[in-house]
Amino acid sequence: MSDARSAILAKMRSAMGRKADDVERKAAVADRLQRSPRGPLPARGQLPESERTALFQKMAEAVQASVVRVASRADVPDAVSAYLKSKNLPATVRMGEDARLAEMPWSAQKHMEILKGRAENADLATVSHALGGVAETGTLMLVSGPDNPTTLNFLPEHHIVVLEEADIAGDYESVWARIRERFGKGVMPRTVNMITGPSRSADIEQTLLLGAHGPRALHIVIVDKG
Amino acid sequence: MTSSAPQDPPLADNQGGGAPSRPKVGLFVTCLVDLFRPSVGFAAVKLMEDAGCTVEVPAAQTCCGQPAFNSGDRDDTRAIAASVIRAFEGYDYVVAPSGSCAGMLKKHYVELFEDDPAMKQRAEAFSARVFELVSFLTDVLGVSSVDARFEGTATYHDSCSGLRELGIQSQPRKLLATVDGLKLSEMRDSDVCCGFGGTFCVKYPDISNKIVGEKTRTIAETGADVLLAGDLGCLMNMAGKLKREGTAIEVRHVAEVLAGMTDKPAIGGGRR
Amino acid sequence: MQITSPGFKENARTALDDAPLQRALGNVRKGFIEKRAKASAALPEFDLLRDNARDIKDHVLAHLDLYLEAYAEKVEAAGGHVHWAETAEDARRIILEICRQKNARTVTKGKSMITEEIGLNDFLEEHAVAPVETDLGEYIIQLRGEHPSHIIAPAVHVNKDQVEADFRRVHTHLDPARNLEEPTTLLSEARAVLREKYFEADIGITGANFLIAETGTSVIVTNEGNGDLTQNLPKTHVVVASIEKIVPTLDDVSQILRVLARSATGQDMSVYTTFSTGPKRDIDPDGPEDYHVVLLDNGRSSMLGSEFQDMLRCIRCGACMNHCPVYHAVGGHAYGWVYPGPMGAVLTPSLMGVDKSGHLPNASTFCGRCESVCPMRIPLPKMMRHWREREFSRNLTPATARYGLGAWAFFAKRPALYQAATRLAMAVLGRLGRSKGRFSAMPLAGGWTKYRDLPAPEGETFQAQWAKRRTAA
């Protein structure tokens, strides 16, 4: 469809009264893509780390996520186990290959079954490790890949997400900077999910209901910076 | 009437000299006030004279041009605008007892003359001097109270243009609070359109009727004796609906109450 | 989709008499407005962010051709395919071609107004491909054979008991005695039915809220998670998006996201904001193997450089219709095409021609509430007025209105004549209306007096009285 492409671009340029080889405009576009300038950031999230974590928790809870904080990575399996029990769920979770999750002492949890890989339709609970969190709105950021397959975020009834306190930023822009550092400027993994609370719908008479197609519950385990 | 010093009065013809001791105001009567409710015009004159202005009414005025402007008739709008601008040159201020007409004069005249630089400049100078009556009293003249009495409960509708084009919301309420005997009972959604919309109300009467019906319901809920607003178009629309519904609520322009001139029958002839 | 905008007046009358619709519209008036007001008030930088969002899009529109090229290059670098479609028909054909290549029988769909605009569902069905809408609201109206009446709440015109009846009619494999009283049971049923569809589907089609030039990424914003299941479970993901969805960078999209959900639903952020770039990588255990983007023009390029260019800033939040008294009165279907409310009143004439949709920009009181809440600061009333100007200059304005206006303007431009004529007229009307203070009928004013009394004039005009006062003084 290369002729459609040229036709559309030509129509746009003629409507704008511009030429394709417009040096000044090209430079402006290249510059913006290169610099990716930041706009104004809400002061709300620009806090010292400890207050940032508290804000993240407050904002996530305000959108019906549940949040617990643990002292170290080693405490995560206990927290997951406690959550499953509190919801009367079987002691089974699925997770990806994330090294931080793998290092956690899951074997200390008696009867806990750990399934690996992408989610299956029947999975009730999954565990993911977030790339980061954003305090200003209690938003989690997760990236696709074998470490944390994207289906884990959407298929189960209960999605449990582990988030390191050190990875909580004040704003989205800071997390993008981290993603650029990790994947390269202008490069993205297949999927980046920003998740703010559990799935919901208000499509029936504008009444808010949780658990539309994605998880009915989102549980966040924050690992405090030791 | 008491005044405090106005903050930085925007004076076009009086650079550097501060407020003129007796500002010369050209009253833009508005076509609806001229034709249907002259008492609003006299109330406006009284309020401004009491505040120390000299008020004149240029004879060469008809309408602000909105009916043509909003019907897409740019040429006639431009012709009307040019004659309004000519008629009001030489006044310190141009004041209209209507947020809608003042909004037209202040916010839309300049864009009519985009391709006529000389006229555009005159339009800019003109627009800078235009004010809606109540905001002129409070924001420019620094009037903070009025000497008027009205026994009863009032509710105030924020007419759209005044509210959203000119930011008129607190000013009338501030002055109404100083009217002896008057109690203000706010309606729900006072910032929602009454369904008048100029020619809209006759082009789409079914929809307009639905909207004004919602409005009269919120008015009735307040239990007020009198409905006030700053725009005669909206007032005639709401009064017409209230009368058709058989409601006893009186309808008046806010200037009538602020000027203490409520001896005339209310709009649509309502009696308390 | 058939356009019924020429019948707007009749559509509106039908809507005004439709009691269930009027009940449903009450939900718009209540919920959306309060929630937006609360969310915007809670963010002190909200208006600053609106300014910046506007500036970002203005910058994009001034460089749209170049950003589209940059975007397409990045999509291809990530292993995706870009298709350019000049018209709705081209887009439909491209999508069908992809379906044929994949031998697709069933496609799941995330909520997408663009696929409504190109009439994709009907077209696919005609060609033996079954589209399944997965957004709850879209699913409901698909079952009802309807179109969305709101761009973010497509089934806002439907009441709960109607949903229950539709589910019982269509989900015949389920126990007829089941309880569907509560909205939660309806939601659970839809969840279970649609869950199977995600796994069955050969292709997942989504729209895009944004296309990011920096990375070749498409972004969808949802609350339900249906869009994510739609685009992750089938082997092929097709994105259909119009050309103005471009934003330069990840930083820019973050800025606009801050005003999007707050303006739309009053949330600080929607639940799922998903960034998709190319197909799944070799090491990825899930995600689509194939990723296509269909870029649709369909008349937008000719809006560039015109008085309607600002409309291309629109991010489809729905705030304008949520705050519109006309939308509140008649709902979305009365507008007669895909886009209702103030944004539709500007966009529909641009895309479908003002000759077919002339009522839309006229059916506004110009109350300005839409512009006051638009996160992208689009001057909607001003652009509706521009459409009226085009109609007037092309003689599309109805003859009666034109003659009336002409006669009025003749006097309005001649103050002396005007005052003589009005003095006489008001004196007569004032005398006639003096006893009651109003008229309940009036020749030539039937549009007014059908529903309202006409307040009588006091009698003598202001100008006449003022002239006397001056002479006396």
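Going by the order they are written in, the chains are A, B and C; count residues from 1 in each one.
Keep in mind that, in the parts below, a residue touches a chain if its C-beta (ideal position, glycine included) is under 8 Å from a C-beta of that chain, and two chains touch if they have at least 3 such contacts.
Only a predicted model underlies this, so the values are computations on that prediction, with no experimental measurement involved.
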Practice task
Considering only which chains touch which, label the overall pattern as line, ring, star, complete or other.
Solution key: line
Practice task
Select the chain at the greatest separation from chain C, using centres from the mean of Cα atoms.
Solution key: B
Exercise for the section: Could you say which chain's mean Cα position falls nearest to the mean Cα position of the entire protein shown? Expected result: C
Handout entry: Separation of mean Cα positions, chain C and chain A [Å, integer]
Key = 29
Practice task
Find the geometric centre of each of chain B and chain C from their Cα atoms only, then give the gap between the two centres in Å, rounded to an integer.
Solution key: 33
Handout entry: Centroid spacing, where centroids are CA-atom means, of chain A and chain B in whole angstrom
Key = 52
Handout entry: List of chain A residues in touch with chain C within their complex
Key = 1, 4-5, 7-9, 11-13, 15-18, 20, 25-26, 28-29, 32-33, 36-44, 59, 63, 96, 117-119, 121, 136-137, 139, 144-146, 149-151, 153-155, 171-173, 176, 179-180, 186-207, 209, 211-215
Exercise for the section: Would you tell me which residues of chain C are touching chain A in their complex? Expected result: 24, 27-28, 30-32, 43-45, 48-49, 52, 56, 59, 62-70, 72, 74, 78, 83-86, 90, 94, 134-137, 140, 153-156, 159-160, 163, 183-184, 186-188, 190-191, 194-195, 199, 213-217, 223-226, 228-229, 232-233, 243, 248-252, 254-255, 257-258, 265, 267-281, 283-287, 295, 297, 301-306
Exercise for the section: Flag every residue of chain B that touches chain C in the complex, lowest number first. Expected result: 29, 31, 33-39, 41-42, 57, 59-63, 65, 67-74, 76, 79-80, 83, 87, 160-161, 164-165, 191-193, 195-212, 214, 236-237, 239-241, 243-244, 264-270
Exercise for the section: Please give the residue numbers of chain C that touch chain B in the complex, ascending. Expected result: 9, 12-13, 16, 325-326, 328-330, 362-369, 371-372, 385, 387-393, 397, 401, 405, 408-409, 411-415, 418-419, 422, 425-426, 433, 436-438, 440, 445, 447-458, 460-463, 465-467
